[in-house]
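Labels run A, B, C, D, E, F, G, H, I, J, K and L following the written order; every chain starts at residue 1.
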Amino acid sequence: NERADAWIPLEQEKRQAINADLQATVVELLELFHDAKQSHWNLRGPLYFPLHENLQEYADTYRKFADLLAERQLQIGIPTDGRTSTIVETANLPKFPGGFLSDRQVLDIMTERIFTIAKRVRSRVESTAKNGDEVTSNKFQDLSYELDKQVWQFRVHMQ
Amino acid sequence: NERADAWIPLEQEKRQAINADLQATVVELLELFHDAKQSHWNLRGPLYFPLHENLQEYADTYRKFADLLAERQLQIGIPTDGRTSTIVETANLPKFPGGFLSDRQVLDIMTERIFTIAKRVRSRVESTAKNGDEVTSNKFQDLSYELDKQVWQFRVHMQ
Amino acid sequence: NERADAWIPLEQEKRQAINADLQATVVELLELFHDAKQSHWNLRGPLYFPLHENLQEYADTYRKFADLLAERQLQIGIPTDGRTSTIVETANLPKFPGGFLSDRQVLDIMTERIFTIAKRVRSRVESTAKNGDEVTSNKFQDLSYELDKQVWQFRVHMQ
Amino acid sequence: NERADAWIPLEQEKRQAINADLQATVVELLELFHDAKQSHWNLRGPLYFPLHENLQEYADTYRKFADLLAERQLQIGIPTDGRTSTIVETANLPKFPGGFLSDRQVLDIMTERIFTIAKRVRSRVESTAKNGDEVTSNKFQDLSYELDKQVWQFRVHMQ
Amino acid sequence: NERADAWIPLEQEKRQAINADLQATVVELLELFHDAKQSHWNLRGPLYFPLHENLQEYADTYRKFADLLAERQLQIGIPTDGRTSTIVETANLPKFPGGFLSDRQVLDIMTERIFTIAKRVRSRVESTAKNGDEVTSNKFQDLSYELDKQVWQFRVHMQ
Amino acid sequence: NERADAWIPLEQEKRQAINADLQATVVELLELFHDAKQSHWNLRGPLYFPLHENLQEYADTYRKFADLLAERQLQIGIPTDGRTSTIVETANLPKFPGGFLSDRQVLDIMTERIFTIAKRVRSRVESTAKNGDEVTSNKFQDLSYELDKQVWQFRVHMQ
Amino acid sequence: NERADAWIPLEQEKRQAINADLQATVVELLELFHDAKQSHWNLRGPLYFPLHENLQEYADTYRKFADLLAERQLQIGIPTDGRTSTIVETANLPKFPGGFLSDRQVLDIMTERIFTIAKRVRSRVESTAKNGDEVTSNKFQDLSYELDKQVWQFRVHMQ
Amino acid sequence: NERADAWIPLEQEKRQAINADLQATVVELLELFHDAKQSHWNLRGPLYFPLHENLQEYADTYRKFADLLAERQLQIGIPTDGRTSTIVETANLPKFPGGFLSDRQVLDIMTERIFTIAKRVRSRVESTAKNGDEVTSNKFQDLSYELDKQVWQFRVHMQ
Amino acid sequence: NERADAWIPLEQEKRQAINADLQATVVELLELFHDAKQSHWNLRGPLYFPLHENLQEYADTYRKFADLLAERQLQIGIPTDGRTSTIVETANLPKFPGGFLSDRQVLDIMTERIFTIAKRVRSRVESTAKNGDEVTSNKFQDLSYELDKQVWQFRVHMQ
Amino acid sequence: NERADAWIPLEQEKRQAINADLQATVVELLELFHDAKQSHWNLRGPLYFPLHENLQEYADTYRKFADLLAERQLQIGIPTDGRTSTIVETANLPKFPGGFLSDRQVLDIMTERIFTIAKRVRSRVESTAKNGDEVTSNKFQDLSYELDKQVWQFRVHMQ
Amino acid sequence: NERADAWIPLEQEKRQAINADLQATVVELLELFHDAKQSHWNLRGPLYFPLHENLQEYADTYRKFADLLAERQLQIGIPTDGRTSTIVETANLPKFPGGFLSDRQVLDIMTERIFTIAKRVRSRVESTAKNGDEVTSNKFQDLSYELDKQVWQFRVHMQ
Amino acid sequence: NERADAWIPLEQEKRQAINADLQATVVELLELFHDAKQSHWNLRGPLYFPLHENLQEYADTYRKFADLLAERQLQIGIPTDGRTSTIVETANLPKFPGGFLSDRQVLDIMTERIFTIAKRVRSRVESTAKNGDEVTSNKFQDLSYELDKQVWQFRVHMQ
């Protein structure tokens, strides 16, 4: 109803732009969640144990930030869309390969995918600030640190 | 390699049938995971707090059983497929509705979907046993109890 | 209402038989709960401390399994009956003796009673499976292990 | 034996009166324990989740105070009687209804029953003090606060 | 003394403006703390349990952020003023109603009050940044997310 | 409604007198809560660390007892009044000083204020018992021990 | 100093009588603490394990109540005296026997000693109330329950 | 004695067959426990850390299941035999190699040994069910899942 | 290798400036860590206990932020330099005094040193933002709050 | 009996000398336990909070080492003597002063007493080793570190 | 390789003697581990509960010290040998009896066996010190205290 | 002052020699702490995850033993010197290399450095005992076991 609609703290003119960045990130994190689980499961090779364990921790990170950002969408009055079909259609990443994966393959594929999202999130740190929502930008900053850390930890395996 | 391939405890002739039941369930649980999160987020109405909280717990249950069953696929020598596109294509459930959902709607939609999967899992308790893998059947029994419990807890809201 | 009634995962023709085994066990476990507490309280003799402590743990086991099985009744669409009068009328065990009890008496009486229920539960493991509900049978199997363990631990005091 | 009988700290002439109040309360709390569990299980309606959860907590409260007070009976040299038949015969409450219960019904029935016991316990706070056992009165005071709190929390649902 | 006064890391010319935003927020959070407790206590109606519980959590949030921000005032060399008379005089919110409150009333009144403060805090995220203290602005951003979340969770009860 | 109004365990004629003592104490404890926080924040001098830490613990004690006693008011059917304006108008303590406070000043002011309330609570231990509510008196006794302990711990700093 | 001396919440004329009961109990509990430890150490016989363990728990109970009651002495403005020589001179119990002790001896000696103190504490519940300090009486009531429970648990070994 | 001997819940004619499967498994698990510890200790090579850690976890799994199954033997009235000489004589596995072991060697040897036991346990899931003890079969199912998981996790290192 | 080098989310042209601020802070925090430990150990005087304890907590804060910021350097593709010789050469603080330190001296020296670093960190909050890395600026903001708090807590000892 | 007497691992000729050192230490630690509690209670002055808290921790240390060493006496076949009269007669320390104690006095008296025992324990580290029981000497070494640490922490208050 | 072989901190000439003591103890502790478990399982008689529980704790102690000492062998460059056949051949204790064991028998047999190992360990405290490895001797001292304690606790059951 | 100086339990003539060993070890451990952190950060290669994690644990071990030994210096009356310049000047190890480090390099460099300190600590176990302080020697023995374990765990990666 109208009364309840008036109870949204963020200024109305800012909502669409901020929501666009949030919605995109929620979907990408949910895709990364499944990518990390898929790697956690189908992984093979001498690096099995440490990668199996850290991929689970990465997956948990994606899942928790997706919740944090999706609930930010609700706070600004807009429903989130984290449906599986929406993930497939809008995550904008190459289809993840099926079947077994060697540890080298997992490192290569996952580093590339996390790196791609890390770049996008970084640009959203700026766009949300420019669009006048430092609160959302602040959450993207926290996420950005985590993604950059994951990229580092996987990248150095190959350096 | 061949040597490693020989190290799979389940008899080879049983693997395909058992895997079929596992693969179907993994995908359905991952779909339910997103359905529950989608409801957790977009929910509105006087039952918000208890439903928001219990939907999160249901989502955690789906996620943990998906891991348990996907790793059973690996144990029997077959890669799992939990990719987002696979979920969309094979979960065999109507597309989840977008946008806000009233508490009544959530109860109705989710009860129907969990009930559908609960029925399928129940039949897999039997098929895996008939196909000679009591170990997998046992895990489906644990899952079946949980799904039947969720259906009960949501169903009685409307009785 | 009818719609909600259709949401019961167990096939309708199986429900009465499975419920009969569940209802009987719930009532027996609630009776054993009070028997164990009664012994925990009125106990005397040199074995006081270890029996007092273990009877409490046994009582907790009965209470938790009663909850698990009663909620299985609800899952299959039938109300449970754990009322005190129902326990008295249907637990089908001799009336528990009043007043102080020596440690020897407690060991003797309780071993006999737990043994009696353990036998009944064992037969329900089979009947529920035969009646087509492996999920319920599985929970009876877990309970059966616990009851058999208690019988062993009390029995060896007298051997 | 006589020697041991002499080791009861409460003066002998006070014991029967104090025990009468304790025995009555133990039996009533055990009845309430089953009433709360029965409601926890057979409950239906939109208030299912919060009532299901709080009824379990109430049941735990009854169970723990029953133990505390029954052990006070033993301290003053008298066996407690918490047998199921004793509960049925002496709890002095109307028979609890069988079958499903709507949330409204549960609130109504349980508030009435807890209120009834709360009144009795309150009068025992006074009678035990008058009969010269402030230690027992003190435990009744703690219980009284808890029962009065439960009555409040259920009553306001209907106000 | 002068020496100690020189040990304040924030540049002197910025202190008054930053302190004004901090002082106003501390007082408003302490008022909200009492509003939430008052609602937690005097609440009536079918939503009693979930609202009673969440209002306590909201109250804890206000209390902890008040401490965090008041200690920021001290860090920048200025005493905080969280006295009860100061709250009454400067929180700049309508007087909270006395007596019992229905769940509907609590949702309505509290959403309005939290929304009002959420708007003010949002503007302080900007003013503190513009006045050159990103550290304080960062804390306001964290608080802003929490207040916006509370407004959402209460607002949707009425949508 | 009338039916619900009948569900108040404390005899009606006792309620006003008991409530008067409870209401006065709730308000005083909420005032002390803010006094302790104000001291926790604006404190200076060599005793900073231990006083800062213990004032926080004292504040937590006041807050928890205020909740316990306010909920006792509700139990006896009367709304509590913990609004900020009510605290200011009825706590009946001198206005707390603003600005920085030396450790000596804090010890002096707080000992005086806690001592004043400790005396009042002590007299309410008696009045509530005399007015026939030992349950409330019992809670005042627990609070009285805590306040007397705090007065001791602060007083000895100056002896 | 005089100012600080005026900050003692208990009325001056009551202090000596209350302190006498507290001081006697502190000393007796410290004696029981050593008696229980002496038994915990020098015990022999088939009941070694449960008695060794429970004597340690009893000793912990004595130690914690001694602290609680000694600090009550300080609250009412009087130093406590828990010095070893004071224990020996004023605990008013027979000298504890040296050397090894059979389990039977420990049960006999300790039951007698705890029973003796339990009787004294019981009378102090009354005397402190009669002397006008319900707060202290309340703590003695809690202690009384614990001592009566210990006497029961040891006494029944011999019944 | 005879009376106690009658208190064994499992039907007498089933006991020998079930015990044979339990006894064999207990001995094999105790052998695997030492194999895993031997590998945990003498391991060398680049995979040291993750294998050292996981071998300890595997060893803990063997130890806990050995306890669970040995106690099942006692429940059915037959003593277990977990003596070191019995392990050596009846575990029916090649003698474990002495001296240092490379990570490759450990993976190879342990996978082979766990695989061997996993196959045997799998066949006992069936034989115990066929011999009429679903309770024991159920415990073998749980163990079977764990052993199959270990074989998978080691096998994929070499794939 | 080049491929891996391309996987650094922060734009290349920003890296040197951001790294300069991070490297300087890491080194300063490691120096402060040793300063705080040196004070924790060699401290004397009546404020020993609270300062000893809080200096350890401050040292833990420095250590944890040094890890967080050093790992940010790695994320942006540059090795950190936390070697002891680098600390000595580049922390840019006066040499810490050797030997015993009175509590007054510790307060004076440490406040001065923390204040110096707090000022530098504050300026880096701005420079990193100006140089285009809000993610790093955000971490400096968190650190800045902590350092400003420490300066306050030590400073007020002397006011 | 003789058989059991033969089961004492320490060589018989060593027992008396080792026991003498153990017995003396047990008694001294029990005396220090009461000294620390006496100080914890009767303490006054500006250092009240940190001393009150640390004296409790010291008392806990004495109590735990007394248990460890008394049980060593039992291990070497000799009963311990920790009776209150034995403490008074053999702890060989000046009588502890009664009444209130300023913080200065506590520091002075306790440092002197702990220092005295620390010296004795240090000499027993050597005598037990010389008398051939490195196991006991090892426990004295652990105790010696703790006592030396306490002396340091109290001594520096006065330096 | 040679380089790595040079990285063994213990002087080469000491290694064989120290290893001999370590290897013997590891094997004996592993034998005791199985003896304690065998007793834990096959035990009968009135002391069942406390012995069953304490034998499990003793078994855990043997297992943990075996790990600590086996890893000391590795530290000094020599592989450990904890294989089951090695235990049987070198533990140098009589074969443990099969079948049920009364509580008396368990006490008798286990006391004798632990006593035997306790004596050997005691002599190794000295031999390792004489052979120049105080670090290993120190670990034997810790073990010696534990074994002597166990002998005491079992021995006194029969005294 | 002189009085306090007399309160040092270790005999004066022993202090300088013992302190020399302690001071050297404190400085070396602080250097190793930074070496381990530097490796934890700049590490690259396939062994990244397990080495990154274990290097952090090693660093924590160095830090905690440095605290334990530095506080031993204070106990014997001498200030410790853990200043960064002192570490650089007296740790007596080659300068640690800057920049990225492959996993092989880290294993090689760190094994060499820990081995070097392990040898020195081992000699101090003896020198402190010879110089008459078994208490300090005992702490060096504990440290020696930890360092020897670390050398083993790194060394075997290359064997």
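Keep in mind that, in the parts below, contacts are C-beta pairs under 8 Å (C-beta built on N, C-alpha and C of every residue); 3 or more make two chains touch, one makes a residue touch a chain.
What you are looking at is a predicted structure, and each value in this text was computed from that prediction instead of being measured.
Just one of C-G, E-F or D-F has an interface built like that of D-G, with over half of its contact pairs in common by residue number: D-F.
The rotation that brings the Cα trace of subunit G onto that of subunit I spans 120°, given to the nearest 5. Interface residue usage between subunit C and subunit G, two copies of one sequence, is largely distinct: under half of the residue numbers at the contact are used by both copies.
Put simply, the C-alpha centre of subunit A and that of subunit J have 59 angstrom between them. Taking the mean of the C-alpha atoms as each chain's centre, subunit D and subunit E sit 43 Å apart. Counting partner chains per residue, subunit D shows two or more touched chains at residues 46, 50, 71, 74, 100, 138, 156, 159. Screening every pair of chains for touch gives A-B, A-E, A-H, A-I, A-L, B-C, B-D, B-E, B-H, C-D, C-G, C-H, C-K, D-E, D-F, D-G, E-F, E-I, F-G, F-I, F-J, G-J, G-K, H-K, H-L, I-J, I-L, J-K, J-L, K-L.
Those residues of subunit G that touch subunit D in the shared complex are 111-112, 115, 118-119, 122, 125-126, 129, 137-138, 141-142, 144-145, 147-149, 151-152, 155-156, 158-159.
Subunit D meets subunit B in the complex at residues 43-46, 48-50, 52, 100. Within the complex formed with subunit G, the residues of subunit J that make contact are 30-31, 34, 37-38, 41-42, 67, 70-71, 73-74, 79-88, 91, 95-96, 98-100. By the touch criterion stated above, subunit D contacts subunit E in their complex at residues 46-47, 50-51, 53-54, 153, 156-157, 159.
By the touch criterion stated above, subunit A contacts subunit E in their complex at residues 1, 3-5, 7-10, 71-72, 74-76, 134-135, 138-139.
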